[in-house]
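We just call them A, B, C and D in the order they show up, numbering each chain from 1.
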Amino acid sequence: MRILDARLTLPLLADALRSVATRGRPAAGETQAATGEEELLRQAELLLSEPDEASSLALSLSIMRGYSELGVDARRSWLGRLAQRFGPDLATLRRAAEAFVADPGEAAAARLLKTAEPRRQELLRRLNHAPGATHALVRMREDMMGATEGDEALAALEDDFVHLFSSWFNRGFLQLRRIDWTTPATILEKIIRYEAVHAIPDWAELRRRIDPPDRRLYGFFHPALGDEPLIFVEVALTTAIPDAIGPLLAVDRVPIDAAIATTAVFYSISNAQRGLSGVAFGDFLIKQVVKELRRELPRLTRFCTLSPIPGFSAWLRREAAKPDSAVISQQARRQLALLGHPNWLRKPAAAAQVNQALLPLAAHYFLGARDAAGRVVDPVARFHLGNGARLERINPLGDRSASGLRQSHGVMVNYLYDLGEVASNREAFIGKNQVAASADVRRIAGALLRRSEREANTKRSRTS
Amino acid sequence: MRILDARLTLPLLADALRSVATRGRPAAGETQAATGEEELLRQAELLLSEPDEASSLALSLSIMRGYSELGVDARRSWLGRLAQRFGPDLATLRRAAEAFVADPGEAAAARLLKTAEPRRQELLRRLNHAPGATHALVRMREDMMGATEGDEALAALEDDFVHLFSSWFNRGFLQLRRIDWTTPATILEKIIRYEAVHAIPDWAELRRRIDPPDRRLYGFFHPALGDEPLIFVEVALTTAIPDAIGPLLAVDRVPIDAAIATTAVFYSISNAQRGLSGVAFGDFLIKQVVKELRRELPRLTRFCTLSPIPGFSAWLRREAAKPDSAVISQQARRQLALLGHPNWLRKPAAAAQVNQALLPLAAHYFLGARDAAGRVVDPVARFHLGNGARLERINPLGDRSASGLRQSHGVMVNYLYDLGEVASNREAFIGKNQVAASADVRRIAGALLRRSEREANTKRSRTS
Amino acid sequence: MRILDARLTLPLLADALRSVATRGRPAAGETQAATGEEELLRQAELLLSEPDEASSLALSLSIMRGYSELGVDARRSWLGRLAQRFGPDLATLRRAAEAFVADPGEAAAARLLKTAEPRRQELLRRLNHAPGATHALVRMREDMMGATEGDEALAALEDDFVHLFSSWFNRGFLQLRRIDWTTPATILEKIIRYEAVHAIPDWAELRRRIDPPDRRLYGFFHPALGDEPLIFVEVALTTAIPDAIGPLLAVDRVPIDAAIATTAVFYSISNAQRGLSGVAFGDFLIKQVVKELRRELPRLTRFCTLSPIPGFSAWLRREAAKPDSAVISQQARRQLALLGHPNWLRKPAAAAQVNQALLPLAAHYFLGARDAAGRVVDPVARFHLGNGARLERINPLGDRSASGLRQSHGVMVNYLYDLGEVASNREAFIGKNQVAASADVRRIAGALLRRSEREANTKRSRTS
Amino acid sequence: MRILDARLTLPLLADALRSVATRGRPAAGETQAATGEEELLRQAELLLSEPDEASSLALSLSIMRGYSELGVDARRSWLGRLAQRFGPDLATLRRAAEAFVADPGEAAAARLLKTAEPRRQELLRRLNHAPGATHALVRMREDMMGATEGDEALAALEDDFVHLFSSWFNRGFLQLRRIDWTTPATILEKIIRYEAVHAIPDWAELRRRIDPPDRRLYGFFHPALGDEPLIFVEVALTTAIPDAIGPLLAVDRVPIDAAIATTAVFYSISNAQRGLSGVAFGDFLIKQVVKELRRELPRLTRFCTLSPIPGFSAWLRREAAKPDSAVISQQARRQLALLGHPNWLRKPAAAAQVNQALLPLAAHYFLGARDAAGRVVDPVARFHLGNGARLERINPLGDRSASGLRQSHGVMVNYLYDLGEVASNREAFIGKNQVAASADVRRIAGALLRRSEREANTKRSRTS
């Protein structure tokens, strides 16, 4: 049985996406002037009033192409105008609201709901009719990210996008696929491009991530996005919880037989579609991959991460800037001063001093420190702790790369997914803001707290 | 690249669907008592409050299975309770409505929209997380069809279903597939089951519909429904517009080479999923099939239907019951009386008399008659005319089957899709309720009108 | 990656096969007179002398089509002429033979081999260039089966076919596929057509053989034959060794969960291509299916057959015709006489008598009786015993169908593949003509022998 | 329908090939000593005498693995012993030869053929039973290439390989596939590795060869070799016959729309399997690709090559070494002397001089020069001329790469496949050794000949 859509629509899709990709420059060979913004709004009006759903396809294609030919600024300005023009009918909505207030029953609520839905949502649904439109709409939302501040209508349009995407990219419609060396190059090149944690510079490195028997890469895909991954995770199969990323990615490492592995390490999770921010997949992905791996390799008993700590250096800098920081002792300040020496990393004595200071501070960063909103500071930590993982181990010098040193002075961390305690961990974290951590990590953080209390007492006794 | 979901979820899917299929009886091998309705509502509450989206999967699976084990009546009663319990928070909605009335801006409208969305919608989205859930939800909606009368909450739940389905089954997510003799039997048996216009009694007949070079069958599929077609259309390639279904489906007909065909005849369109009523696909399907056929067979120049007239007999009966019907002449009444003779069909003279009466009445049925709402009476006519087709020809004795005789005394009709006039036809039909028809049909209907006017005049002159 | 051959060659293939299928009548639309036999031979000469291998494709296609348009008799006569005309060059071969006799080394042997190869083999290899030719050649060989008697050249041509087919259909090129209800209808209809042991009258019966969880159907396929199976086997998963085919195929039986099955029963093996006689696959098929089943269902511990005994009735008739048969006692003769009664099957007392006679005679048929060549009489027995199976149990009234009664008075038999003894069983059977059998079967046969000896002694003592 | 073989055999295949790939070193994790050569011969004996074809699979797997663990020299020595031990039974063959000489009929010839077949052939057929064996056998034959000189048995074994491969890799079993950027990486990396004409240094260059709309790559594949191409050809779609490879492969060239191309240029043909030498595919490949391209792009009217001239420099060197070469004039000698200057290529005047000399000499190289066997000197020319192409144009400085300069001082050539004259060209070339060439090339070669005759006359008149 042939699937005919692919053949019919892919050229169109390619066109649309190429246009989107060139970001505002007319596609090669197109000589006509870009359709004006006003004309595109007029076509959008037409699209909404078009009784024939099939011919709406041509209109939506025309609008998507016209949009793709706009420059970056013109896109934002056009989206702003669109957001305003296709909002709800405020006068009608007011009447519906008054009617509901007068008689607040189910039927009136249903009418209110219908009236409250802005015309933007139906417009986006009709734009989606064109082949390849779903991906183009994800890109459109990407275009407006960070521009909604102070623009009520644009912010409401972003809400509309997220509302629709949450419906379209419902978990029930996602497909988990394993990516390996038999995968088409069209998909593989996207993995290279989208990898966000530990960059993949070339195809040889890509192969090392997906081809050896002890490596896996899984991604979520959506039928309407074809070869575009939504999110993917890279997994190393090992016999112990790793404490550094270097050996895990070493060019000359010797792979092991997957059948003897006991531990699956999620060492990189990358969102591939910025335009889908606010639609959560990561949680699902990790849990389905755990399920899949347990099915394939029953000997696996441990599922953990080897994760960066993207907010640690910045937090430490802020903390160190406080003259009376309760958590950085004088000794620690002296030790951290060594970070200014260009080669501290390679001098064992200096590295030992630095790490002696960093380890308890990192423990405190996770267990004690909170941001202005009262949350755990680190975004990666919030993700895994919110999924029910436990902070298992802190690894000084886990990442000696430039970015690793910049964001966390080389410190990495393992989060452990212990299926027996995932539910209670998550509940404690979400409900009570309590961080699940191993005894070791708790002990280290506790020692720092006791010392800082001692120091505080000493200080007080001195000053008093 | 392996797609892993299929393997993981299909057994679950099969379970869920089997349960649904058995309609209320516990699946074989399940010994535990069916989960009570109250317990299922409690699980639904839990599902909505569950912060961990991944573990919601187990809950949604449990609810879908529990539901599938309920009997028909219990299902409806449960859906009613669910509709009420998970409606919008009316008190909160009232405050939001009042706030909007006080300050009716974009931001307040956005807040109102969010408040007005009943919890039912999020519940349905979460139920959809379970493997196979999309199809089960379509069946769930089917269960409640026809039961919403007088139940505001249930009617609102049905609105929620249609709202979500319209989003999920957006044209952009549908796949057109050609079904032929190389298609897996799992799909073919569904074609046999769902064919609604000209029944397919066995595999030999199925093969005659899809295997000869001058036959085509196309369907829309949705990725989340797997092998389940949403709607499909059967096409015959011919060298003339056919006037009867019999020869088209004759067991011993001689197929022609597709390359010499000039005409594509859509002789059967069947919706396969009752639960998707209110989500329109047929229009898209016909137009994409026309596109696909023109691409494959550039010699095709005519696209028409050979359609039943499901409402004709009933309308005629109603019309004949009026003692002073303006459209049925005395001669026609005498001729139609022959329909009471069991063998009129096989007696040439009787058949000629009957058809002499039926032809102008059928023309009038389409062009002149209107229902209480002022619409064209025939639902199939409304569908094709609304798509921009033109009423091309009326074919007495086009369908000599029992059902053909019952619904339209054997009369069939051709609608013609003339791509040059589809847009204007549609506009005239939708905008001005004008029916596009060939000169012949218009002439026949006109003659009847003139005669009835004459008769009316004669009558008036007699009675005056 | 598209495979282009399929698209390019399938129409041609279809043409060729349709022609073959119509067996000698020109295909529809072909107006030119069938190519004469002489012309086809001339084209064959040209094909062999054509230096350009690519243009040989057109010639081979022309020859295959011309051949397909010949009638049955013309085909055989043409093959006979071809066999003679394209034999080895006898004069040259004689010189090579003399040269070898004069100096019988490796190099001279290699030259002799090249000279001895008849031009027929290269001709068949070149005919195979045309798309779809492999299947057409298998049909060509089928055409000549049974006609080689007394025709040295034709017999040599058949040798050439078998030689090439053995090379082309080497085990390394065969693919095992599981056929189930998701299989395309094109393949399923062939299963219906080729099933040779227990006929499949319709699609409902086919579904019962492949869709329930406790049923399997596996076949060998060859890439060049596409959807044409070479051989296939039907398997029932059970919890005991079955003693009758009726319950196994009953329309209303309740399937079991495959996971609780302990026994895999091979109840039908069908060769699908008569033209491949002499190229053995059955042995491979059974053993690979055993491997596949053990991998999928580790709880399976027994692999057996439920087999017909095609030669039993005929042997018994021959034996009974001997007035002094040592194996049929007087009592047995009386009991067997009941077989003449039309309803013996349904009369418990008669059936018990008949079976009391049949059981020991069947045991003797396998263990004691031998054909003129000294072989076990039954061809099915030779197949399974030659594969290393053991004769496990004899089942009177195992097959109550007309054909079962005709060929073996309803008796069936189980052969058991005990992987621990397959090798030694096979060696004993092939090397020493010893039949492996269960203790029960041996006991039954032994009792018959002892009785017949006693009868013989009694007779001798009487006559003496 | 699942194909079960793939899953069952690929791990085995991978094992076997990895072993073959490591060329004689034991595979990682294998601790047992490599099976001795003698033991492998013993297993081969066993394999031939094994009556059970299925259990022969284990033996053949063991032999293939044992072989793969031998070092390069051990492999050759083992193949030599195998060739001798499994030759034909010379004594029996002698009797058969004598019998045939005595009575040289068809039946005796058939017996002679069977006796003459060395046991090696059946051995190779049985070795092929193991999964992945076909590719391993191709590698085995590769191991022995170039070692048959002076070893009659080994030469006969090579004959056996070629005989079987010609049967197994019959054109009827080959699949044409298009390779593009959606092709799995496993296949693409093989294209990088096997490209033999214009090396592909990295994935970016590979993409430039297969992804742009005006580039194509087609290969022949065999089902038993899976992802291994047998031979492939690279095609550029252009609007003119190109005269240099540089612009064709330039990194920054602008692709054209395939629909406006008029010319298909075959600029690289690579055999991927050395072990299949002697089994011709190239001819078929070009012609099927021409067919496929004409079907897809009806505007294409010209099919040509842009080819290297691998033998030109060497021939010129030999010619120049002759003191009295009739074809190299004194002026040409002076001009060719400039080739010694390192930068002649970049100095317009020098390059002009050089090319003035090279052009007529190249024309003569093709049209006039012959090797010791009387054949056209250039192997690439023999291939294309033998396929029926015409020598269309000679392009000085067509290939400025180091290898281009080394093999032909940068000169390239176009062969044109004019479908109207392919047959007659081929016949003239094969039958009468006549080279088809354009009028231009003939004129250039003719001028050189006339001048050399004039020079010869002049010389004669001087010396006389």
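Keep in mind that, in the parts below, a residue touches a chain if its C-beta (ideal position, glycine included) is under 8 Å from a C-beta of that chain, and two chains touch if they have at least 3 such contacts.
Keep in mind that this is a model prediction, so the values were computed, not measured.
S.K.: Give the chains in contact with both chain A and chain B, ordered by label.
M.R.: Chains in contact with chain A as well as chain B: not a single one.
S.K.: Using mean CA coordinates as chain centres, what's the gap between chain C and chain D in Å?
M.R.: Their C-alpha centroids are separated by 42 Å.
S.K.: Averaged over CA atoms, how far is the centre of chain B from the centre of chain D? Could you give it in whole Å?
M.R.: 61
S.K.: With centres defined as the mean C-alpha position, give me the chain B-chain C separation in Å.
M.R.: 51
S.K.: Two or more other chains in contact with one residue: find those residues in chain A.
M.R.: 1, 182-184
S.K.: So which chains actually touch one another? I want all the pairs, not just one.
M.R.: Pairs flagged as touching, ordered by label: A-B, A-D, B-C, C-D.
S.K.: Where on chain D does chain C make contact in their complex?
M.R.: Chain D residues touching chain C: 1-5, 8, 51-55, 57, 84, 87-88, 90, 93-94, 97-98, 100-101, 104-107, 109-110, 112-114, 116-118, 125, 128-131, 133-134, 152-153, 155-156, 159, 164, 166-168, 170-180, 182-184, 187, 218, 223-224, 280, 283-284, 287-288, 291-292, 295, 386-388, 423, 426, 430.
S.K.: Along chain B, where are the residues that touch chain C in the complex?
M.R.: 29, 181-186, 188, 202-203, 207, 257
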